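Residue numbering begins at 1 within each chain, and the chains themselves are lettered A, B, C and D in the order written.
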Amino acid sequence: MKRNRFLGDLLAHLFDRPNQMRGKQDDRSIVDLCEALLSAEGEVSGYRLAATVLERYNALDDDGKRAFFEYLNDELEIDAAHVAELAHQYAKDPSVEHFSALSQASEPRRQELLRRLNQPTGATPTLVSMRVDLLRFLKDQPALRRTDLDFVHLLRSWFNRGFLVLKQISWDTPARILDKIVAYEAVHQINDWDDLRRRLYPPDRRCFAFFHPAMPDEPLIFVEVALTKGVPGSVDKLLSEGRTPIDAEQANVAVFYSISNCQKGLRNISFGNLLIKQVVAELALEAPTLETFVTLSPIPGLNAWLKQQVEDDEIGHAATAMLGGEATDDGCKALAARYLLLAKRADGSPVDPVARFHLGNGAEVYGLHAQADSSENGQAQSSGVMVNYLYDLSQTELQHEGFVLNNIVAASPSVTALSNALLTTIPKGINT
Amino acid sequence: MKRNRFLGDLLAHLFDRPNQMRGKQDDRSIVDLCEALLSAEGEVSGYRLAATVLERYNALDDDGKRAFFEYLNDELEIDAAHVAELAHQYAKDPSVEHFSALSQASEPRRQELLRRLNQPTGATPTLVSMRVDLLRFLKDQPALRRTDLDFVHLLRSWFNRGFLVLKQISWDTPARILDKIVAYEAVHQINDWDDLRRRLYPPDRRCFAFFHPAMPDEPLIFVEVALTKGVPGSVDKLLSEGRTPIDAEQANVAVFYSISNCQKGLRNISFGNLLIKQVVAELALEAPTLETFVTLSPIPGLNAWLKQQVEDDEIGHAATAMLGGEATDDGCKALAARYLLLAKRADGSPVDPVARFHLGNGAEVYGLHAQADSSENGQAQSSGVMVNYLYDLSQTELQHEGFVLNNIVAASPSVTALSNALLTTIPKGINT
Amino acid sequence: MKRNRFLGDLLAHLFDRPNQMRGKQDDRSIVDLCEALLSAEGEVSGYRLAATVLERYNALDDDGKRAFFEYLNDELEIDAAHVAELAHQYAKDPSVEHFSALSQASEPRRQELLRRLNQPTGATPTLVSMRVDLLRFLKDQPALRRTDLDFVHLLRSWFNRGFLVLKQISWDTPARILDKIVAYEAVHQINDWDDLRRRLYPPDRRCFAFFHPAMPDEPLIFVEVALTKGVPGSVDKLLSEGRTPIDAEQANVAVFYSISNCQKGLRNISFGNLLIKQVVAELALEAPTLETFVTLSPIPGLNAWLKQQVEDDEIGHAATAMLGGEATDDGCKALAARYLLLAKRADGSPVDPVARFHLGNGAEVYGLHAQADSSENGQAQSSGVMVNYLYDLSQTELQHEGFVLNNIVAASPSVTALSNALLTTIPKGINT
Amino acid sequence: MKRNRFLGDLLAHLFDRPNQMRGKQDDRSIVDLCEALLSAEGEVSGYRLAATVLERYNALDDDGKRAFFEYLNDELEIDAAHVAELAHQYAKDPSVEHFSALSQASEPRRQELLRRLNQPTGATPTLVSMRVDLLRFLKDQPALRRTDLDFVHLLRSWFNRGFLVLKQISWDTPARILDKIVAYEAVHQINDWDDLRRRLYPPDRRCFAFFHPAMPDEPLIFVEVALTKGVPGSVDKLLSEGRTPIDAEQANVAVFYSISNCQKGLRNISFGNLLIKQVVAELALEAPTLETFVTLSPIPGLNAWLKQQVEDDEIGHAATAMLGGEATDDGCKALAARYLLLAKRADGSPVDPVARFHLGNGAEVYGLHAQADSSENGQAQSSGVMVNYLYDLSQTELQHEGFVLNNIVAASPSVTALSNALLTTIPKGINT
């Protein structure tokens, strides 16, 4: 890996001998260099040209980068009238030649440019970080979304599941990668090296990440797992300093307590569903005593939703009590169950984004826990209530289908009972 | 690598629990499975569906495969009239939405199908071998070329230079890979294990190959190199059993004496130019005493061309003499020089395909050798004459440009002299 | 590994700057260099001195090597009178100082020399090959056995089980190692690359070897294993070209059909017992369907023993018949059983060396097969009869104890029956 | 590595089936188990017996461990009278048999026990930690030194230079190893992860360690190196947080600023000399611009010596001034030079232990720096003065020889001048 990176540099160095060729440096503008890369010159000198363009891009300030993306968006755009004409021709005479002409004309030249830029070793991460810039500019230049669509199209193809590699992250992982894990953890912050050790070193902890071969130092997404006896009801306990680890063979439950996307530049290219399922398979293989695979997940939208319910006839009082920190644990769980099972968006899908992700993967709402997350964030978003989603690989397809086609939220009997029990556990009489 | 492959199988196994879902097996037709993969179902169960489709495909006979490709070609085709309409709309109102609609409509759905098929570990080599089948069918079903254009489009993107890995092939390489080297060597056949050892084990031999991370057992292209004192004039000597190896530090020339493409399924996706240049860089780094980088190449079209020249006023007699095995070494070399430098196709490029490849890379015709290849094939195609192409990385861009733009064939002074010297060295008088 | 070897060379090169120190080269004699290495000079310049001695040794002819060993044997010998004196002193006053003095005096200085020689990278294999020379000279210089005892003492300590590494040999093993497997196979010759592939590539074949970290390219001992349904009765079938492999999960028996020591220089340092048992453990882990672990072994001493029995009253006729190729299969097996169970040396242990090895490991004589080895060697030594020894790890300790303490040969009921059945199956009447 | 350790466990598990053999567990005492291991039983069941003994040992309290060592020391002792007798016999008749008998008798059986204990994977580190216990007990049981001599004898043989592996420690090293580096750093404490990153990550920092293959997770000794422009005069600057790294190619000096032994159990088995020289070689290879290789070392005995000099006629006043923090930088350096060059022990070697180490390796006293170490320890031991020792591999042998044979302290002209200049630079008159 290392070696090749180094070779890549050398190659750029050897190829990049513009002094023998065009004077001291290739002093053409970045746009001219892109045009050269797209021309016949790009076919034999593509490596050098691409390396130069990427180097040039990295040195640009934001104005320069905006100008570059405007060039991609406007100059490397399709000619719609020409496409229309070729489409008519092909409709009349569906020959291979007409098809080929239409295919070529209807793909913006910026896609070919991006492919040709992806030649030097190390180009892929640069293109991913290029998209980070682009996403930033999209906010006030929405027309650049055309270019972003092409980025997504290409990145989806390149970061296809078949090219990803699952790797275990452990105490045997190089510090270089662990630095990234610390930086990218998005759910439960890793405070220092000792905190990281508590998540990777003990025999009842696991962590897995997807990598892409062209970005060997950069995890794409990772999940942290705890092996436990019984389904745990609190992330505080999972992460506590003083706890005594158990042996993996003693565990019967695997808990996915944190899942973090690492690459902003790969937004909308989703890896989570497959990562969870592959890790379930990996763990089932490694530790045959595991019977249950659940998450321990936050409920980010709960309190916001409760605030909208305070006037509600049925649960208004309960919602007010919970927001005021005066609800019983059962009351909190009942409200959370109701939220997860019944609070829907206009399109019929759950209001809660984490619920949408796991239910969309075919998981079911499995258990609820009060006082499970004492962090500031946990208190603010859900008054400390957390939820387990269950991954039973024999059910995920069926449940996914029900969810996608008919908005059916799969839930365990106990959670369903909780969502119904509300009126009994917090009887109206008491509230009046 | 191993481990992941195994995991892949396990995953397929775990996910593939149709008994809990749809009866014993997923007994839908391959076409129905493809449609499912392209539908919402494919988003969550894509891994399993893709694995099933690929398994099904592998079990098809040729009739089944033809039917499958016809489905891709005809059913997953664009709707040209619809494309035309969307192009008109976009031309009128260039909104992001119109662009997005047009982009989607103008890409045949088979491209998305191929991307979704590429999810299970091991899918990429299967898709490459799928194209081997397709190329076979193209001969009598030329309309399938539409589908082939989409295969090429995707494979070019996936086998982009940035994703390839250069590896040295040596006596420390696993037997599994060496088996492939033996099988794929296309220029100078490897007869047995001892022959292979002669090409990999001695300190003055090297071999390099490009690999793709998703096909770790399959070289894509490889080049065999000899380190020598001086430019060698005969491949027979290079490969002789009895020769005494030299130390790498004693060598001043690196000779690329064989370059072989390995994957029929990647036809038209070219790696040769970059492989040679990267190996030049690698060797320059490893062995600083190397000064000259040349090929020792066959001249496949020479004798065929000579046969067309026997009636020629100027060189007819010389050509007849050479074909009859009665020419001097200098006479043979002069005719070969003339062929390489002057024999052109209608488009102005050289008749000789190997010459087109190396000159297109920016190399120059550097030296000629008679009695250099005593093999049957070498005698038949060029009466044993071979040629060195020189790779001087400080000149390749310039020479490439001259070749591509103006059909200029770069040649060393000695070869140029040879091509001119013909009439004097073999005077007409002698031949009558 | 590679890198370090290279560094080793560099180090030797850097350290070996005798021009700045003692003139062009360190031209002291090998004996003087050894004395320097044993002196204070050896403490700081040991690496260079050791490298020089080993280089010098390798350049010696046989006379030089003999002289070198005589120097070790005679000059670096203990002073027995001095040892006796120090032993008396220590007996009188068992102080640490007296102990230390005695310890040092009673170890020949050649042991310290060998330890100090073992400093440069690559020294260990050179010392092992030094012993190959020594063993050669022992034949006509038996007094050198003193030096050999010290070699064995050190090598046993260095090649301690705790330092060995078990590695699987497979089709993913580098050609460099496979070359050694072909060269060292001592039981059933490997004829060519295809023969080797038949033993390593199919899913029902395994091979394992012990390596020492200081000799990474050199297997010490290896065993070839076939996974089969049922206990096989013929090595011919196991190695046949045409056979159809089975999947590992279908097998219930692991057959150790060849075990080869690789290093002559490690004679008398035994690895076989532990290799077999560790491979049993490894296979039990990998393929849980395996129930039975047996060898398929030659019976090297059978025919030689039969020749001594031709005059025997009881079995003379049967022995003659078998030697003449006229015995029935059952007759052959009965004689082999009798030989393995009853033919003993003066010390009470079996005559057959392979039997001694496996019974000493705690295995039992499990099954016999006629017409099991059609090779020339197999016919000559045992008329094609082969034997299975069973490794049942729950019995090996007990059986080993019985064998070592009381010369009890563990045997299955069927083999015991065979050894007794002789008189009935080949009734005397027939023989008269 | 991992795999083999696991196999080791499995093996122990499989072999350790005492229920089939001797009842539930092998409940013999640790001494009986040792005797069994030394007997014939140990030859076939050594792996299991050794694993059991080591497990048993680890569970002992200090009394139990003392008893174990007393058993080694007294029961597995040589029979001195018998040795004397055999020595007489051998003196009379120097036959191989007599030699062999004497050899065996004069080696305490505990050596063979330790060798046989070293069979299970993971045994070597346990034996090393066994010696840590032993060293602890030596203080009040000096007679155990006999056993310690045998430990040292064996460990020296096993940790022979030829078996060690040099590895670079970098930001690509697993966290498991880095944890050890933090724990073992003995010279300049590593405070936290950021501190460690400052020593490993920047392009002008290096770290190298020796490892033994049987203890893959445990560095034996490591050295930290800074690549600098010019010889640095202060460790504070080297380790400062804010400094700007340089590229390796810009450096011309390599500074060894910290060298730490890691294994208490390997006391008296010295690796430092070879580590430094091999790292010099490694760096010279990697970064050809490096011209000078120096340490930046503490002077641990300086202030203690100064305290003894306060009454000295010549330097008493200067010593008092320096101890009082009132000396000039030049004054401090002059006193340090005098100390390093002239302060000798009874045997003629320098008083300073760090000086003895580097001069014994053949280095020279190269430069002195005042105010170079502001740490509490640095102030206390040497008032912040530090020293460079120069490693010039072309001189080390010669200088080592001079040092060992004639107590000559090699020093640069400037340091020699400093040691002489004292009386002039700090004239007595000024101090009164």
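Note that a residue touches a chain if its C-beta (ideal position, glycine included) is under 8 Å from a C-beta of that chain, and two chains touch if they have at least 3 such contacts.
This is a predicted model, so every value here is computed, not measured.
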Inset, instruction - Starting at chain A, figure out the least number of steps needed to reach chain D through touching chains. - result: 1
Legend entry - Chain centre separation (chain A, chain B; CA means) in Å: 37
Inset, instruction - Express in whole angstrom the distance between the two chain centres, defined as the mean CA positions of chain B and chain D. - result: 56
Inset, instruction - Indicate the whole-number Å distance between the mean C-alpha point of chain B and the mean C-alpha point of chain C. - result: 49
Inset, instruction - Would you please write down the residue numbers of chain D that are in contact with two or more other chains? - result: none
Inset, instruction - Any two chains that touch count here, so list every such pair. - result: A-B, A-D, B-C, C-D
Legend entry - Residue ranges of chain D touching chain A (in the complex, touch as defined): 2, 171-176, 178-179, 192-193, 197, 200
Legend entry - Of chain A, residues touching chain B in the complex: 4, 7, 10-11, 14-15, 17, 20-21, 40-41, 44-48, 78, 80-81, 83-84, 87-88, 90-91, 94, 96, 99-100, 102-103, 106-107, 115, 118-121, 123-124, 142-143, 145-146, 149-150, 153-154, 156-158, 160-163, 165-166, 213-214, 273-274, 277-278, 280-282, 284-285, 360-362, 393-398, 400-401, 404-405
